[in-house]
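Two complexes, one shared chain (chain A), two partners (chain B, chain C).
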Partner chain A sequence: MNAIIFSALWGVVMMFSGIATQNRKTITGLSILGLVLLLGINCLHAYGIWVIKMDTKGAMHFDSIGLFFNAIAFFATLLYVVLSGKDIENTGVHAAEYYALIFFVLTGVSILTAFNGLLMLFLGIEIMTIPLYILTGADKRNLKSNEASLKYFLMGSFSTGIMLMGIALIYGATGKFGIAGGVSLAPSTGLSVRPSFLEVGGMILLFVSMCFKVSAAPFHFWTPDVYDGAPAVFTSFMATIVKSAGFFAFIKLFDAHTAVLGDSWNILLPFVILITLLIGNITAVFQQSVKRMLAYSSIAQAGFMLFALYGNNDLAKEGILLYAFSYSLATIGIFAVLIKLKDYSLDGFNGLATEYPFLAFSTTICLLSLAGIPLTGGFFAKYYMLSSAIKAGGIFWLVIAAVLLAAVSVYYYFRVIQAMYFKTGAPSFNQPITKAFQWALFGVAVMIILLGLFPTLLLNFFYF
Partner chain B sequence: MSIIQILFYLLSGLAVFAALMVLLSKNPVHSVLWLIVVFFAISGHYILLNAQFLAIVNLIVYAGAIMVLFLFVIMLMNLNAATEPNQHIWMKLAGVIAGGCFLVMLVSLASQAGDMANKTVLMKEGNIGLIKELGKILFNEFVIPFELTSVLFLSAMVGAVVLGKKDNTQ
Partner chain C sequence: MIPVLLILIPLITGLITFAFSTADSAKKNALLSAVATLVVAGWSVCCTPASALRFDIAWLPVMGSRFTLEMDGMSKMLCLLTGISFPMIFLAIFRQETKSAPAFFGWMLLSQAGLMGVFLAADALVFYFFWELALIPVYFLCSIWGGERRIAVTFKFFIYTFLGSLLMLTGIIYLSYHSPGASFAIESLTKAALSETQRNGLFWLFFIAFAIKMPIFPLHTWQPDAYEESPTAVTMVMSGIMVKMGLYAVVRWLLPVYPQSSALYADVIIALSVTGMLYASFIAMQQNNLKRLIAYSSIAHIGLMCAALFTAQPSAYQGVMIQMFSHGINVIGLWIIADAIEKQLGTRLLSEMGGLAQKAPTLAILLVIMGLANVALPLTNSFIGEFMMFNGLFRYNMVWAGVAGISIILAAVYTLRMIQKVLYGPLNPTTETATDIPATAKWALFVLVVLVIVGGVYPQPLIDLTNDTVQALITKH
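Up next is the complex of A and B:
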């Protein structure tokens, strides 16, 4: 409860900070302070030192993995604000409100890591996505941003409708909002107790809407347009923290429910994984804009994260934490550089290495991590995902397909590296690249490499 | 067949027919009006389920407020049958296939459902839909979700202000 209450309160503080001061540096500083405090308060809860106890009547259940995921999400947000705070300030005139909305998104994230019922799931998803609709349209003068915002809003509302329909069907079948799966109130008249048709239908609808929220194919159509149209700073936030939180909720939701779906689950999920990987990787190859390429790559990465859903074992849970962290780090790092550039196309990166070798080096590490090259965090993240699927058994062919498609992904990530190192040009920036920014990005690169060398460093925290 | 069952079938038929008419009307204004009929039929079902409060709220909020908003938007944008975008045949086909798959799934699930047979109404059974019970549940069992909804509304409000406010400084 600590994180939920504190993040909502700090959102209000950020809102009022806009009245107290017009100095954008102060506002960014205040939000960094808030994130540090939030991280600390969440850790106090995780280690049981200071916990706000509240009788949630079974609506929420705080476990260590959820709290740990909170810590990852808050830390990633902290890094994101440190790296891209300047760009958030410059997106529009409402810097304080943007930070307030980011804190509300974090409230949604902390609800999603602790929900114990479909009602809280719904609230968490909505609290997480509604601020995003606004952040997408933050660049009010830009028609593309407006279009992206409207598109995201309409399609997001539609998928929320599907989710509500699913929840209603499940409630009709079981008479409660619990996610434990439980025996249906009214078992069918068959020989054995089988889940009611309402529950099965409801689970499938929930699956569809969750696939939409994490942009898994065939429900991914909004992703490229929205990620491309939104101001790049907020794309970075959407594609990392929010997406991983969506996955966490997805896995938590289906943890106990796969039995309800029975055999159809083993057909449905591999199919979704396969086409997510295919569409994400193959389409990314043809993109000329790095921003759009990263949007497709985020679909491809979603395909990998779906393996955790299939595996559904301890390895998968460790893996999703590792994946969320390494993927968020790398993507935030690349976006932090991309935002500074004037030209988002591949050519915009031309000659970055000759002008800023240090910056180009850190960016390269981030790209290598996304591609899953050994010695970076991305390698172990992918490794955990695939090994959890192998441990669960049954889809060895899919694992091979995933490895092949990961090899395809190397191609489009390396094109950026190639542009930086082997092409000549003079990149132009929106803002001067400061020494502090370069060192911060280097810090991200160091973390990625540390994760790649010792993935247990992160996981040990979890078992501490 | 009792009077309640007759009412049930009448309302169900009306709801399905009106829902079809929403889709089939060429004129968007007619669609909205048919949608209001759907809401009335659904409210009738709520009353049959002994949920009077829900029935009234459904009428006030949906048929009253939201549909008026819909009508305003449609009239402001001056939509009519002539401006309907000409969709590609493949789009239509894809829609039919996707919707058809969903229909097949629901029908097959429904046909397997023994537990749904012979259940129409809950008239005079249970009092869960009454406003007194609703209030008790809302402030006991579901008080945490209820309070957290305020964060949702707050963020929506902040958003409305951010998007709607004039940028003077730019």
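Up next is the complex of A and C:
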């Protein structure tokens, strides 16, 4: 509750800060302050302090895992603003508004981690995505940005429509918006009550719209265009924090509901996982633009995260937290460098290591993490996903397919490393690379390595 | 404590080496570190208390993984081999110009740390960690300092091995879920309750990873290219030590965990290995490229070791232990000579060489000794190993022994052909101006030659050292 209220309020504060000052540095500073406070206030909630007692009529339920995910999302946003704050300021003329929108997105994220009913889910998703439509079009004079924004808006509304339809069907079948009452299987007696057609149809529609939100194939077609067209700095935000929050909601939503779909669930989900992995990885191989490659790689990573949905056990829940954090760290790190480059193609990275060895090192760690090489957080993230799927049993073939495709992913991640280290060239930047930026990125790299050595460092917080 | 030192010394000195500014200080630091590691490795061989050879702390209790390092005879032997190889490699290239030397030697030491970790790990997850980490430094070394086609070739090598290790990782996770206590420790993995289908499937997941590393026909295609394009110092690491990772892993993680499947598929694997031996030998006979010739000869030797491991014969196991060490010594010696020749003449094509014996007598003597060791002539170190392996193979199946035996003859053919083409015949414009081998390389080779001959005359210490591993393997079968 703390986080929802505070992030909404601070969003308003950010909006009006644009009137009070034109100094962009102050605005960025203000938003960093807001994020730090938000993080602190969210942690206070975990200890039960400053909670506004409000009867949500069971529409919301705050548990430790949700609060912990909030903390991860806020922390990742904080890092994102620290690393790329300058680029947010320089995207257009209204720096304050972008920050306000980012805070509103975070409000949506906090609702999504606490929803206990389908209506709150719908509200959370909408609050999270509507600001994104605007951020995607933030580069007003750029045709691609406009196109991406419109495309995102149309496709997003369409999937929202599907979601509403699903909610309506479920309401029609059960008479409730709650997600707790939907299980039709009676485990104690072993007798199964056949779920009604409406309920199954509703669940499938929900599944489809959630797949759309997390860009799982075959509902991924918007992703490359939107990620490519949006200003890179906002792509970074969309591909990490927003996407992870979508996943969190996805898993929370289907946690107790897979029984409704029965055996068809075990056909539907593996199919989606397989083609998401296939399309993401194979298409990423052929990209020449790093930005577009990262868009496809985010589809591929979504495929891996979907294993948590299949696993649906303790490992999956811990794993998705770890995955969200390490994937966000690495992707924010790479985007922070990419934004500063003039040329987004692979050649733009040529010779980076000779000019900025320190920067190249941190970027390499981020890339290794995305590829899932041991000693980085990405390894344990993937490890948890595979592990939870193997523990759940039944789809070992898919696990094998996933690791084969993970080997493919090495190909496109390492091409960036090759460009940085083994090719010669002179990278040109939009902005000078400051020492502070290099150290901040190094900090991200250190966090990734720490996660790769002791993933329990992060997960232990969760048990406190 | 010893196992930790073996990893930490190269790791820390390696990281420090990156910070050096001059090539000279980096080289000296690397050599010093390598010698220190050698001393510790030597100490581990003499050290008897088991407590000093084991290190165990909690790492990831939630997952059932502990950071466990343990040394048995085979670990000691391979750590010793790694310990000996690195100072020799550094000596051999000590006088050479290396661009951005601090980074080069830093990566080299890091790869040593990774290799040591592979040979020491007694927990499957730790093993997997080091298995991957040994690869990363080599990737950078080859891609930055390698030959013309280095980037593509190294990439192929990297993806090949990474693919194998990922398959192994899924196998490890699956296996640990079926082991008592869901642990990754080797003791509990051997007790995993598996059905026959599960066992056989997992066996192949593991074996493919190891076969790519060794490499076994038909998964060997990365190897000749990678050996040719890598800087020679790295080729020495790869062919001398890294291929042993595959053999080591079979002994440590495959045979004890899946004894039944190993027996079941022994014929398939021996068939593949023997095919690879003959195939590689025939190609080596046709090779005009010195480096590729040695690479193919290496495939042939590794094939024999792999075949011997699946015969389940005590003498074959013992032979593999000896041969792992001997092959490391011999092949590093051959690479040092090949590198010296290439640096001298600027070519690696046999057709452009000839008459070097007149110009470089020391080099000629050393090459002949190393060449004969490669053929496994009696009184050289590899004779004992090969003899015991063939003995085991013969007892297992006479036909395979006969077919594999052809490769002995072929080895003599291609090695002697190489010696003849390099050393004898008339001088030509390329070799006219050749001089003898540089002093540091000479010293390194001298040490290796001593090891070749001592190993050939008195291999008993090596047999005693690895006896416990062999005994443990026999009781499993």
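The criterion applied here is as follows: the second predicted complex is superposed on the first by the 450 of 464 C-alpha atoms of A that agree within 3 Å, B and C clash if a C-alpha of one lies under 4 Å from a C-alpha of the other, contacts with A are read in each partner's own complex, and residues count from 1 in each chain.
FYI, a contact is a pair of C-beta atoms (placed from the backbone, for glycine too) under 8 Å apart; a residue touches a chain by one contact, two chains touch by 3 or more.
Computed from a predicted model, the values in this text were never measured in an experiment.
**Student:** Which holds for A:P131: it touches chain B only (first), chain C only (second), both, or neither?
**Tutor:** first
**Student:** For A:L198, is the partner it touches chain B (first), chain C (second), both, or none of the two (neither)?
**Tutor:** First partner only.
**Student:** Tell me which partner touches more residues of chain A in the superposed arrangement, chain B or chain C.
**Tutor:** B
**Student:** So, A:A100: does it touch chain B (first), chain C (second), both, or neither?
**Tutor:** So A:A100 only meets chain B here.
**Student:** Where on chain C is chain A touching in the complex?
**Tutor:** Answer in residue numbers: 60-63, 128-129, 132-133, 136, 140, 143-144, 150-151, 155, 158-159, 162-163, 166-167, 169-170, 173-174, 177, 205.
**Student:** Within their complex, state which residues of chain A touch chain B.
**Tutor:** Touching chain B: residues 4, 8, 11-12, 15, 54, 56-57, 59-60, 92-94, 97-98, 100-101, 104, 107, 111, 119-120, 123, 126-127, 130-131, 133-134, 137-138, 140-141, 184, 186-190, 196-198, 200-201, 204 of chain A.
**Student:** Under the touch definition given earlier, write down the residues of chain B that touch chain A in their complex.
**Tutor:** The touching residues are 105-106, 109-110, 112-116, 140-145, 148-149, 151-152, 154-156, 158-159, 161-163, 165, 167-170.
**Student:** Name, in rising order, each residue of chain A that touches chain C in their complex.
**Tutor:** 368, 373-375, 383, 386-387, 390-391, 396, 399-400, 403-404, 406-407, 410-411, 414, 418, 421-422, 454-456, 459
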